[in-house]
Amino acid sequence: MLFKVEMDVNVPHDYDADRFAQLKQAEKDRFQELQRAGIWRHIWRVVGLYSNVSIFDVESSSALHDILTGLPLYPFMDIKVTALCRHPSSVHDDDR
Amino acid sequence: MLFKVEMDVNVPHDYDADRFAQLKQAEKDRFQELQRAGIWRHIWRVVGLYSNVSIFDVESSSALHDILTGLPLYPFMDIKVTALCRHPSSVHDDDR
Amino acid sequence: MLFKVEMDVNVPHDYDADRFAQLKQAEKDRFQELQRAGIWRHIWRVVGLYSNVSIFDVESSSALHDILTGLPLYPFMDIKVTALCRHPSSVHDDDR
Amino acid sequence: MLFKVEMDVNVPHDYDADRFAQLKQAEKDRFQELQRAGIWRHIWRVVGLYSNVSIFDVESSSALHDILTGLPLYPFMDIKVTALCRHPSSVHDDDR
Amino acid sequence: MLFKVEMDVNVPHDYDADRFAQLKQAEKDRFQELQRAGIWRHIWRVVGLYSNVSIFDVESSSALHDILTGLPLYPFMDIKVTALCRHPSSVHDDDR
Amino acid sequence: MLFKVEMDVNVPHDYDADRFAQLKQAEKDRFQELQRAGIWRHIWRVVGLYSNVSIFDVESSSALHDILTGLPLYPFMDIKVTALCRHPSSVHDDDR
Amino acid sequence: MLFKVEMDVNVPHDYDADRFAQLKQAEKDRFQELQRAGIWRHIWRVVGLYSNVSIFDVESSSALHDILTGLPLYPFMDIKVTALCRHPSSVHDDDR
Amino acid sequence: MLFKVEMDVNVPHDYDADRFAQLKQAEKDRFQELQRAGIWRHIWRVVGLYSNVSIFDVESSSALHDILTGLPLYPFMDIKVTALCRHPSSVHDDDR
Amino acid sequence: MLFKVEMDVNVPHDYDADRFAQLKQAEKDRFQELQRAGIWRHIWRVVGLYSNVSIFDVESSSALHDILTGLPLYPFMDIKVTALCRHPSSVHDDDR
Amino acid sequence: MLFKVEMDVNVPHDYDADRFAQLKQAEKDRFQELQRAGIWRHIWRVVGLYSNVSIFDVESSSALHDILTGLPLYPFMDIKVTALCRHPSSVHDDDR
């Protein structure tokens, strides 16, 4: 199952910088683990913003829910989820 | 240069069905030409809507403008363009 | 897979009444077929509007896309799709 | 009387974690009590968000008001209430 | 059961004036019938707009749905329904 | 002069509970004083929200302004004011 | 009683030009009549738009309603009405 | 040059009351100075809100910018600026 | 005086193509005349849309109003006007 | 590559004034460095707001991302990025 997930990160001005750096590193580690597993299929930065556009390929909606809510930076994110499906005109068999 | 482009297609109720079918076929042909050229990198359908989420990889903003405004279904589309860039955490060298 | 689907029906003032009545009957037949199959799990009317709130239980996102875009009244609908999942606090094993 | 209720939970970053865990447990207990009583008919999680979509079946609007404003997590919720009614096409006598 | 109903009337420029006058008269007759029955409890005009704010007191949500969708001007209306209940501070026993 | 006034009350999580209880009691006293005077003609709760829909009948716009900005809970309110007038179809001479 | 009224005029592309010119002339005549009577106190154009910002000084809300809905161009207008009152800091006794 | 300026004042709950009273007095003094100079041509209160609608008549856009950003309450204001011009139908030579 | 003007062009599907081509040519001629006169200082296309972002340098708000409403494509445009002024940090004496 | 960037600066009421003055000076220095390099092509103030409209001419989307997120005031900014391209009607060869 394919989903577009848009994540905006908002950090309060007075949040502890060291703690946030640790969360950011943990987020990066978790992201790369999921990317290598083929679950977090794509990620792009939105120019000028602390935001990304991502494509997830998951076994179920519940799996996506658990992944997203378990992200280290989740408490700082505004998240928008959109269900996608394969486009019939695509010439690539594996366009995910 | 990477862009996310979101296209919503709106057809008036009284539009001629044959003419629209021809435009749709021309759109599909043009899409596949651009997909094979590596310009229209990704396309996904939005579930339940006559809409897609696409990723374009173009030489310049002007090139993208010419491609989009030249699409056969362009006069029926609402289009939203967002500039993207590579994400520094990505483990894939070629994640476009 | 569970989805909430919200449908608003908008009919142009000058649309042929007989043709719309036929589409409405076809919509009802298709709805009941899907309801009996356990796919269109729930439907409620929104008070005062020509709108419904529905819950679908489908095998895949693509299946939902094909069902929705194939509805007889689809060309008159504004549709909003939201991916849902089971709530962990639910005491019902089969709350879909 | 049927209502769709959509609840979004927002917790301040600096809120005491233990106190919130207690409120969450109290919320779960109250939810299950209302679910067993047939009042909180359905609940689904919205994928990726700390939100739910619920269907309530109550004796009166006032009863719903008292239930919602008495929820342990109510002070953290954004709530949207929509009045529903049975759909005439439904083949289920008891689709609530 | 109490509901606030807000109705905005939009008439196309090219709609037949006589036919609209007939619908308006039928709307007025139906309104007064419902007002006398105590169902359409209050109605006010919104200054400068072809809109009203109304309070309905109905037996059920379904009853309100049938009343609203049966209004002669319903096809020209944008309608917004809000469920209300008695306010506990009110000194009037019968403030509906 | 008739006005619809919609009031949403928002209390910060860390506001002193005793002080707020005092303000609430003062608000109730002031409301009942204005209700008995025939100025605060109607009040209804919006189901599920800390909000009300009210109808005021005042001598002037300035009088309404002074009443609203003088309410004990005014600093916590989002307020929306809409000018109303009598509806010509009403069968009640005194529908205010 | 003072009101700010914002009017946006929208004319369909295919509307008869002569008929619209007549309505425009009638609108201007009616405007000047009301301006001379001190009712339509101020009018300004919004730069670049077919819109104005106006201040009305009327005896009652109903009077304003009748004036606005009776304007020759009213069927083409989107109208927004805001109740105003005198500002206590004003050094002008007659700032209306 | 004429501008409509709409100002909404928002004061945090925990802001020091004495300091705000001083700023308010300074704001009033500055307003009256500008009103007497014919620059702050009009001001009206929006009924029920801590907001005003104002008309400025300034030599340049830069002059307006300096005036607004220099107001004592500016840090608490949401401001909306709209460029206006004289209306050709006006019978008053000096309607500013 | 400097203004940012954003123009979106919307053409009905059934508009006569030849007539629109003539209007487009007239628009281009008028644009270049104003550009050479230093009034229409800058113009950029928005990628993927039939829209532009423009900077005007005019003698007065009224002059801008007359220029914009006199554009050949004005009846097809949605227009948004924002008053600008020189930025104090700019190192260019003539940044307009 | 050309981009329109709109920046709104929001400073919390309780932010340290000296520290903000330092950030502002650093922002000005960085801006002038980029302006001299021909990257930050244009900047204008929005009248009445702590906002600017800017035009950037950069080598790549990534370059813009790094520039914007590295601005000293970036943590206080709401930023909106729009991809632009040269307008074909422009008579200036170098209108950037």
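Just so it is clear, A, B, C, D, E, F, G, H, I and J label the chains in written order, and each chain counts residues from 1 on its own.
Quick note on the criterion: a residue touches a chain if its C-beta (ideal position, glycine included) is under 8 Å from a C-beta of that chain, and two chains touch if they have at least 3 such contacts.
Quantities reported herein were computed from a predicted structural model and do not represent experimental measurements.
Looking at E-F and F-G side by side, the one with more C-beta contacts is E-F. The best fit of Cα atoms from chain B onto chain I calls for a rotation angle of 70°, in steps of 5.
Averaged C-alpha coordinates put the centre of chain D at 29 Å from the centre of chain E.
With centres defined as mean CA coordinates, chain G is found 45 Å away from chain B. Between the Cα centres of chain C and chain J there is a gap of 46 Å.
Residue positions of chain F with contacts to 2 or more other chains are 2-3, 45-48, 61-62, 64-65, 81, 83-86. Of all possible chain pairs, those that touch are A-B, A-C, A-D, A-J, B-C, B-I, B-J, C-D, C-E, D-E, D-F, E-F, E-G, F-G, F-H, G-H, G-I, H-I, H-J, I-J.
Interface residues of chain F, counted against chain E in their complex, comprise 2, 4, 28, 31-32, 35-36, 42-48, 52-53, 55, 82-92, 95. Interface of chain G with chain F (complex): residues 1-3, 60-62, 64-65, 81, 83-86. Residues of chain H that touch chain J in their complex: 3, 5, 12, 15, 61, 64-65, 68-69, 75-76, 79, 81. Put simply, chain D touches chain A in their complex at residues 11, 13, 45-50.
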